[in-house]
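For reference, chains read A, B, C, D, E and F in written order, and residue numbers begin at 1 within each chain.
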């Protein structure tokens, strides 16, 4: 099966890192097509970044439909344009926050999300609400680490994150951690070992969820909201995006 | 004061009609700048339309900041890109669904939304939840009228809407109606007279809300989520959208 | 248009102060009729005060109907007898907590209410729930300032309130403040300047909301709960209150 | 022990009927003091009736404190002025809707409220929310029987109510009925026999709840909201109501 | 009337202590039959203990039906197997957490639960949700006292509990305490005197609630979920449990 | 990896059928150990059945821990004893209702559950609440087909279910169906083809979810509620169940 993992920001080095994590966890027989758009924000740290990034992301989904993709992973913790992507896709589309929260809710009575900037905390709360996960999500904690610092060599980012995860377990009544940024995928196991409690990371979780849904032959429902966009001609420089 | 009313679809005739309604209701001294983008969908009837339309909408907000705009109205019932727009704007930004639901909740114990296509009903429910209005919103009803049919001469659309409003009052335990599409602004009073109960229309409501907030000198809070987007360089054809 | 602002407590000096704030913000052409009952509690600091104060308040609404009032503002942060007042009034009736919370929810992702006595905090929470605003209301904070201390010359009340507002921003994850007492109207801008974040005050917000609703010709819905009270003869000393 | 049952409307014949029901169910050793105010509405069928009726009700609670009352029942299904009454009373104060909903939630997974006029349905929903009972309350149904018709000889009211209770069981997924008006107390068993499912009536339920709380020596908590009203001098004709 | 109080753990000394508390509070004419199963866990401190204890508990309910029992109290704060017990019983079945939370919600705007082990806190939250009491339950606090320590002579357990109750009042915005373990029944009044606020204990509360429901002739609804288990033959060593 | 699928009822023919479905969907390298207890109810159709069935189910989980099981599926739509099982297990434990609802929430904006008996509908609602899925679950519909009828040759059960699924799509605003009984696993695809919308079945969904969690090395969190039961000696005939 072919799973397309779309990093909606343009930072190829993050895409490469996610692709490595995805391929490591994928079942034999699963092909991971990992892409990022060539246009848009290099990192997504707010609603405006997210809105602009949606364009490139949706172009990749539409392209995927022609590539015979079986399922999609949206690899940014804000799960941008998730519903719009579902309108385009025949197969399942899953966000990494969605997959991570589902997984955490199965293995623990409560979890904390540990994320990057303070201004993205409400975005995580909105997602928890959208997926019905507020009853499991005990807290969302910012570390004030910028997304692109995460994989800078010699950065203190990892230790900062580990420290915040420990505080989450001690203070929030949580029993597991959800890492709130796709850029944290590569050091998930390292954090888990440091804190001695389950750490859920969305990229890998979403790949396995997508594989499961494809194996179950569960495609996106096309009766209602997620039906194909109505065919119409878009105007001006966006006419290439017209749904057909 | 200068209020910018942004119709996020590209259909100028809808923009003109909204502008008329807005100017009629505006206080003396309020200048209404009504625009629609030159790029993007001619009507917004789903999540994908909405995501693509956000680009032109946000460009108009950013332009507005240079035009000395005091407050913004997002004139599509899905209130697209509302939070992103708030990141860009210094003054208040209000969506027409938000304004209409607030107004209806003050004058009635419960309201029904009467909108266009079935596939947009969940969008209205999401908005009701986002604004805390689910306790007032008794039902969302589709009429299966397409957005662009609304002002076609000789169309049966108006009668269809009036009939659905009557059913809403009879069956939903609602005491007022919220019209769920910016394209319905012009016949709001006609519907009200036909059904004998308050009918709230978002374009006019949002203009008055925006005026009120500007008069109160209440600008968008810039401490947290709605702070200006972090300055960064976007890639490729979207580099013009880079937040500075 | 004629807006009647009813201070449900009997302290004329508070009524005068609110009237000043209301007139300053009102549009040209809006006449503010500011009254307080001659009977009842001089300040409202609990459920019992509120229940007794409702009588004078409702008498003023009923009188207003004969005065050709277009809209009403209930100027006590508990929004006492709001639904009963709506049964009496033809035009819109808005509470100051309701207006302030609506306004704050448009300009900020979350707000804190800063009020007077501890025992009124739950009242504010109930109002937040009633208006659907719990998702925006991050905290309600008491200052243990009594209502009538607020405008005593030389009182430390203002500084106490400013300090509590600062703590709210720092500790509650709020980006804006709602002042939780009509008596705080006069120093709203002073607090805003001191803390550097939007401060919403209900008297002025409600005046503008009422003006907006009147301009929109949105009257109280009379089909259901807010229909005129059934005509009946009340007994004993309350017979003058009989609905006709 | 002495339980004071306060019918907040002035219709003595309803008070007498409730007194009979209360005395029949009361334990030996429980004295029922049943009163109704001499001033105010003869029936309570809306928010305005309720607000005005609160005055006489609260006077009876205050009088009760001097009579050595151990617990109070507020005998109108809207549970008017419940929190204000708790401020005045040392012992427990329970509303008949509160007691009936608690009882019904213990014996059935879900109940329907069958009440009088349509316009009081939302009041019942508000009460269900206030007591946390929305998860049990499957529906609130009006019969369009006026309160004072209930005990008119030869009235069709009883049959109308029985028919509505049957529909509730069939259509709402409810397994029990809560009668939504104090005036229905006398024919509770008759309805139960007719429909073959538990019927909970608030006057009797509240008397037993009050007895239980008094026996448990559980008085109203006086630390927070329910502390005695602050002593202050009320103005004008309401000065007799001043809390001391 | 005959009330059967079932302690679902096997520790007879706890059963005896509860029986004393129950008999002291019971009305003249109420016979308390207090039992504990001869099989199962000696204390219930988690979901597994609870699941296994349910067997003996249900056997006692089934036996009770042959003994002519009028109402049942499940005397463990987790209210184990409450719905299953209601399927078996004709009369009302009430859990001690249910009764305590109901009682606390009548006398106080908010309460805290003070319980034994940390791992049982979520169980208490689940119960609060199930009974609609989350709006009253401000916090659940563990003392890390094991159930069986509670009545060990010379144990520091009581003081630990009193200290935690004081913290709850100071820090949680609660006005009353619910003791979260049946083993705390005997020192309820002692705690109340020490902290000066109402303390609700479930065994006694449930006995009075059960008496009230029996007096009201309110039996378990048998239309829906709580209908007798369908007759079927269970297999193997559990065949004695087959519902008939 | 070794996944243990536990059918908590004793009907081997259902276990065999589920095992077939599970093995068909399982990845190469996944061993399915499908068992049912030798003691307890042959079908689970209520709370009492469920409580008694928990004993055999938990014995199978405990046995599994000695068999080196990597993950567990509880194969009854009530997800009985799920939390207790998590206390016993090192690896993940997932219920079939939990897995099915998660899957359905990813591919559709809303789903209906179609189940067997009316009396189990509330159980499904409780599960939806427990998993945060009420916002997706539009309705739960009974077919009044008994569990053991489902695989009787020549039974009308399948057609009844297909008809109810169609009604669900038409009347509930749902876009997908969740089959609410493990016994329906074998005809999931048949129903899907008949109705033309996604049909989610829990046994297969849970097997894939369990595989995913095991692959992700996500074990049950052992810090809080799901820690191993405290070691203690159970009494009487249940002493074999004592946690060690």
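Basically, contacts are C-beta pairs under 8 Å (C-beta built on N, C-alpha and C of every residue); 3 or more make two chains touch, one makes a residue touch a chain.
Here the structure is a predicted model, which is why all the values come from computation and not from measurement.
> Based on the averaged CA atom positions, which chain is farthest from chain F?
Greatest centre separation from chain F goes to chain C.
> So what angle, to the nearest 5 degrees, turns chain D so that its CA atoms land on those of chain E?
180
> Would you indicate which option in A-F, E-F or D-E repeats the interface seen between A-B, with over half of the contact pairs matching by residue number?
Most of the A-B contacts reappear at E-F.
> Same or different: do the copies chain E and chain F touch each other through matching residue numbers, with over half of them shared?
Since more than half of the residue numbers are used by both chains, the interface counts as same.
> Quick one: report the Å distance separating chain D from chain F, using the average Cα coordinate of each chain.
Inter-chain centre distance comes to 44 Å.
> How many angstrom lie between the centres of chain C and chain F, each centre taken as the mean Cα position?
53
> Scan chain E for residues touching two or more other chains and write them down.
109-110, 122, 173, 224-225 - these are the residues of chain E that touch more than one other chain.
> Can you name the residues of chain A that touch chain F in the complex?
Interface residues on the chain A side: 25, 27-28, 92, 94, 98, 102-103, 105-110, 131-136, 169, 173, 175-176, 189, 197-198, 200, 204-205, 208-209, 211-213, 215-226.
> Which residues of chain C touch chain D in their complex?
Contacts found on chain C: 10, 37-43, 45-52, 54-56, 58, 81, 83-84, 86-88, 118-119, 122-123, 129, 224-225, 227, 229-230, 232-239, 241, 243.
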